[in-house]
Amino acid sequence: MQVALVGVSGYSGMVLYRLLKQHPAVDQVNLYGHQGGQLAALKTVVPAFQKETVNVRPFDAATVMTENAVLFCATSAGVTKTLVLPLIAADFPVIDLSGDFRLPAATYTKWYHQAAAPVQALAKASYGLAEFNHRLTHYVANPGCYATATLLGLAPLVQQHLLDPTSIVVDAKSGLSGAGKKLTATSQFTMVNDNLQLYKVNQHQHIPEIVQQLKQWWSAVPAIEFTTTLIPVTRGIMSTIYAKAATPTTTAALLQAFQQVYADQPFVQVLPAGEMPTLKQVIGSNDCVLGVNYNPVTKTILVVSVIDNLMKGAAGQAIQNFNQLFQLPATAGLPSLPVFP
Amino acid sequence: MQVALVGVSGYSGMVLYRLLKQHPAVDQVNLYGHQGGQLAALKTVVPAFQKETVNVRPFDAATVMTENAVLFCATSAGVTKTLVLPLIAADFPVIDLSGDFRLPAATYTKWYHQAAAPVQALAKASYGLAEFNHRLTHYVANPGCYATATLLGLAPLVQQHLLDPTSIVVDAKSGLSGAGKKLTATSQFTMVNDNLQLYKVNQHQHIPEIVQQLKQWWSAVPAIEFTTTLIPVTRGIMSTIYAKAATPTTTAALLQAFQQVYADQPFVQVLPAGEMPTLKQVIGSNDCVLGVNYNPVTKTILVVSVIDNLMKGAAGQAIQNFNQLFQLPATAGLPSLPVFP
Amino acid sequence: MQVALVGVSGYSGMVLYRLLKQHPAVDQVNLYGHQGGQLAALKTVVPAFQKETVNVRPFDAATVMTENAVLFCATSAGVTKTLVLPLIAADFPVIDLSGDFRLPAATYTKWYHQAAAPVQALAKASYGLAEFNHRLTHYVANPGCYATATLLGLAPLVQQHLLDPTSIVVDAKSGLSGAGKKLTATSQFTMVNDNLQLYKVNQHQHIPEIVQQLKQWWSAVPAIEFTTTLIPVTRGIMSTIYAKAATPTTTAALLQAFQQVYADQPFVQVLPAGEMPTLKQVIGSNDCVLGVNYNPVTKTILVVSVIDNLMKGAAGQAIQNFNQLFQLPATAGLPSLPVFP
Amino acid sequence: MQVALVGVSGYSGMVLYRLLKQHPAVDQVNLYGHQGGQLAALKTVVPAFQKETVNVRPFDAATVMTENAVLFCATSAGVTKTLVLPLIAADFPVIDLSGDFRLPAATYTKWYHQAAAPVQALAKASYGLAEFNHRLTHYVANPGCYATATLLGLAPLVQQHLLDPTSIVVDAKSGLSGAGKKLTATSQFTMVNDNLQLYKVNQHQHIPEIVQQLKQWWSAVPAIEFTTTLIPVTRGIMSTIYAKAATPTTTAALLQAFQQVYADQPFVQVLPAGEMPTLKQVIGSNDCVLGVNYNPVTKTILVVSVIDNLMKGAAGQAIQNFNQLFQLPATAGLPSLPVFP
């Protein structure tokens, strides 16, 4: 199978390229640049990929569909909403890592501060939270990194009405690669190293994506309190989730709910009572690891969810969706262990 | 004035020694070791202090009281509860950075897992949260680092009953120096770098210290949800505090409450609406910087409080208490600006 | 094929386990513990490998040889010199990542400060610098991490007598994982973060290993000046190599020599003139990347060589030697791209 | 005394402002911006200085001379060569942290790739390597950070002809703050963290500054081999210096030469045999710490020199020169201990 990738110069695109190169069902990865212009050698676009000899060619919808079985888009918000319309019209398979097709038009416009994709195109997309959506359409909106970590941590609690739906607080921490390659004063090493910085307090564009999915699971969830803190690491997200229990419970009872929901999921691990996950145990893997604790004094449930934002939070989950779309084994092409230490 | 310091080999002790050396009211810093044994050169105990020529002498209560006007204790928990009893009996001024005299005996035993100091000794101690306790006794129990950051962030809200007292969640993050110099598998560079690790979930010994003070401000506060996450930095604490508002409010109204409480405090800064503090703006200074936000959608108050755990969270606050005890200017011997970048 | 691994609890062992699990010629990895005792679950030995269900069994030479086609040893110095003697006697294939079989007995004793393996056992070992030794015996002494980076950087210059053999200076930098998991005051995060520390100045045990190989290439090399500096990263080695040119030359001429020597080597890349390698472009891959520069003003050749110390410097090169020993494709089981960013 | 500072928005300027605020001889620090325009609040220019209420006013030569006793310039290269000409003409005291007045015109143009200051202005400047120049003119060219670390490490060896002058190799490592605040792809956290990057190989503008001073000490020094490697720390420089000994010697003999040269210098420490300095023991202080080793096998002298690039390498040395120029105590206003840990 030949596959197409647009957006290899971004962090998610690089990681996706590496995964696709090693995927047993993929014979060739064709690279396309959405900004037109000249053909460029991959190694000049991504200096870390010195060994590669392939080129990035200008994107052309017809060529992409002729040469490939599927298109992966690892572009920033605002690109695919126009770029892929011919492919949507032709029902050509697309896995889109950007946020352009995750939300209704009005919500997108409010949170992304720009015009949305056409409504009829949006209608063809399905949200690819891999552990929960098993009926993907040909256009897969791959979830955001914060959304993935947070939704996997909340799913059992919300689906089974185990928490007070008005009490959800998410204190999310992320490494800098989640913000992409854009140069800003706050992304420079001297400002990130030895530091913590909050950003987009209650304004992060993953909030509506999370709430939309939670409401589908339980319409009683009105909103969430959600903060994002930039931590001095390159990769990794930790979502620390707090909520009041619906009724007094125990850590053991909560763990049972989690273990039941994720029993057959190869990429979600639930830790035993008393253990909490660390970032390093997921970096380089496609895993989400969950720790659960109940505090009877405050009647508060604590869930800690960790992922590699570029793997499970982007490129790895895209491969999961690719495997599902093409009826390949669920774990094909995905590493089973973290790159540790 | 000559002052005594026991515990210079620990991180708080090192920082305290540096502050005392620069303090305009201090002529000489005498060092004592609580583990007895031989006299040792400071530069062998703290290799970073190569230039210093003073020695650490074995601790002897009578000598300490003869030579000095005050004793600073920067020792681990469990040391001062016996070491300083002769000084307490003599009403000799002591500023104790450890947790031994912050809690009632039963609470101490429960959270520190060891016997407490004698009840009559405990009765002589006062809790030295510098911005709020202006009637110190001769025995000052200097607050813990997490307690300082969290209490300064909660004080206006609790004192003025602005929050729902059953809803307080504290997601605290700390650099490794807060855990002291003890070697453990989780303190090694390979485990801390590029990582986040939770520890002592709902079991940290600063929890009862925080709750005790909150109850003094407002007896309606029953407990707090409190987690601690180890971040890959050497110095710094961020307490991210969430609580439901008692009644619908605004960021502006909350900021007014904070600004009023801290108007005359040289070491507490309240940021304007829309700004949140970063760790680096307090490292090396004695400041606590606070950011405040109200989310009308979730009716949740967010307060972010940052300090340098070894300064405002330990040695710096000890100097504040020293200044107050000896009626020196509040800012004497304390840097007014962070070590930045 | 079934393969045996002893030493999975160390960093090199963990990485080797991950590589072997993904190797197309390996059906099963059997784990053995050299310290005897009880059977232990891998996930308790390596918490980052939570998903694994295999156990570590006590090492027994006969069992190892019955069950497996080859033994990988990722143990500390001093273990294999006795542990594997029965396997050497039986000419059973062993790939040894430790330093026990790299040096003559007297040299080993001098630099490792302990007794060496028996002389007749040492005689059966071959030094597995993968790009240069194509006649491996059944006992492969896998090179040290510093030795690999340094020898690959020096090989063309020494083999072709392009430098003054008395002028070689190697300023090597390494991340902490190179020092293993041992807890020391200098390995704690607070001492490694934001710091540089030299260690074993002119006394590192990889020095005789390097010089021995250089002398085989050109007997005129008498010794090297070699320092090691611990840098605040987990993985990665950079060897910065300086030497006076034998006769005035140019960067272009030197690059030609390097390109010729490494033309057919899949895991060594020579950068074009004007470029220098960075650590991150090799982390997670088995590559060595080389940059070369000639300074006509000082007549000095500069070579910068980077590797991932746990891959090309340990487990990755072990896989290269395994592939060669069993006549598998040179790149089997080895990632072709770094884990970037 | 009132003092003027231009360039407070840069890292050296921030550190210098903090030092001047604490200096016992300084009553007031007046800030001026060289880019003209409007008056700006310091706290908007340097957000970490939230507490400060002073403003940055547009630079005006006459005003500066009227209001102040001295001008400190912490500007980038290329600014002072025109900005301060009226002050030079008036023989007004200036301490210039930039490189504009350190080199002869032709050398400056070659290495800085721009026009130099007027020759008659250059003639009035003196090079302020504080430990060695005790006859400062009114215009002090404060040395560069790499130059300071390297020259202090080489001075005894070159002045006393203890090395082979054609054999000097300097492998210098620096934290990112040395490169200033400019945003580049290589200064982003994701590229600096967990990485090492060489830059300006044999082309760093501090090379001619170093060689010029070495030649003044011993005209036989023709050039030096000098590389710079960016390390993942914010502050700190380590210069690792190698040279062949002029004649066979010992570590003890070399140490004696160093101790003699620096016996009365409060800011240079020479470590005993067998010890090597670490970066952290100088961060936040004005010290240079030196370690010395002789390898009889390779006849090579190793000197390791560490400084805080923003203190001894910039603002701290500027205070030393200020103290000397105004005949203040050598240590006035300078911290005697590092900010550790």
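Letters A, B, C and D mark the chains as written, and numbering starts fresh at 1 in each.
Here, a contact is a pair of C-beta atoms (placed from the backbone, for glycine too) under 8 Å apart; a residue touches a chain by one contact, two chains touch by 3 or more.
The model shown is predicted, which means the values in this text are computed figures rather than measured ones.
**Student:** If you tally the C-beta contacts for C-D and for A-D, which one comes out higher?
**Tutor:** C-D
**Student:** Of all chains present, which has the mean Cα position farthest from that of chain B?
**Tutor:** The chain lying farthest from chain B is C.
**Student:** What whole-Å value do you get for the distance between chain B and chain D if each is reduced to the mean of its CA atoms?
**Tutor:** 36
**Student:** Just curious, how far off is chain D from chain C if you go by their C-alpha centres, in Å?
**Tutor:** 39
**Student:** Find the geometric centre of each of chain A and chain D from their Cα atoms only, then give the gap between the two centres in Å, rounded to an integer.
**Tutor:** It comes to 46 Å between the two C-alpha centres.
**Student:** At which residue positions does chain B touch at least two other chains?
**Tutor:** Each of 11, 177, 190-191, 194, 232-235, 280, 341 in chain B touches at least two other chains.
**Student:** In the complex, go through chain D and note every residue touching chain B.
**Tutor:** 11, 14-15, 17-18, 21-22, 46-52, 177, 193-194, 234-235, 269, 271, 280-281, 284, 287, 289, 335-341
**Student:** Using the touch rule from the top, collect the residues of chain A that touch chain B in their complex.
**Tutor:** Listed in rising order, the residues of chain A that touch chain B are 166-167, 169, 171, 173, 190-191, 194-198, 201-202, 222-225, 227, 229, 231-236, 238, 240, 242, 276, 278-280, 283, 291, 293, 295, 297-298, 300, 302, 304, 306, 341.
**Student:** Can you check the complex and tell me which residues of chain D touch chain A?
**Tutor:** Chain D reaches chain A through residues 11, 176-177, 181, 183-185, 187-194, 232-234.
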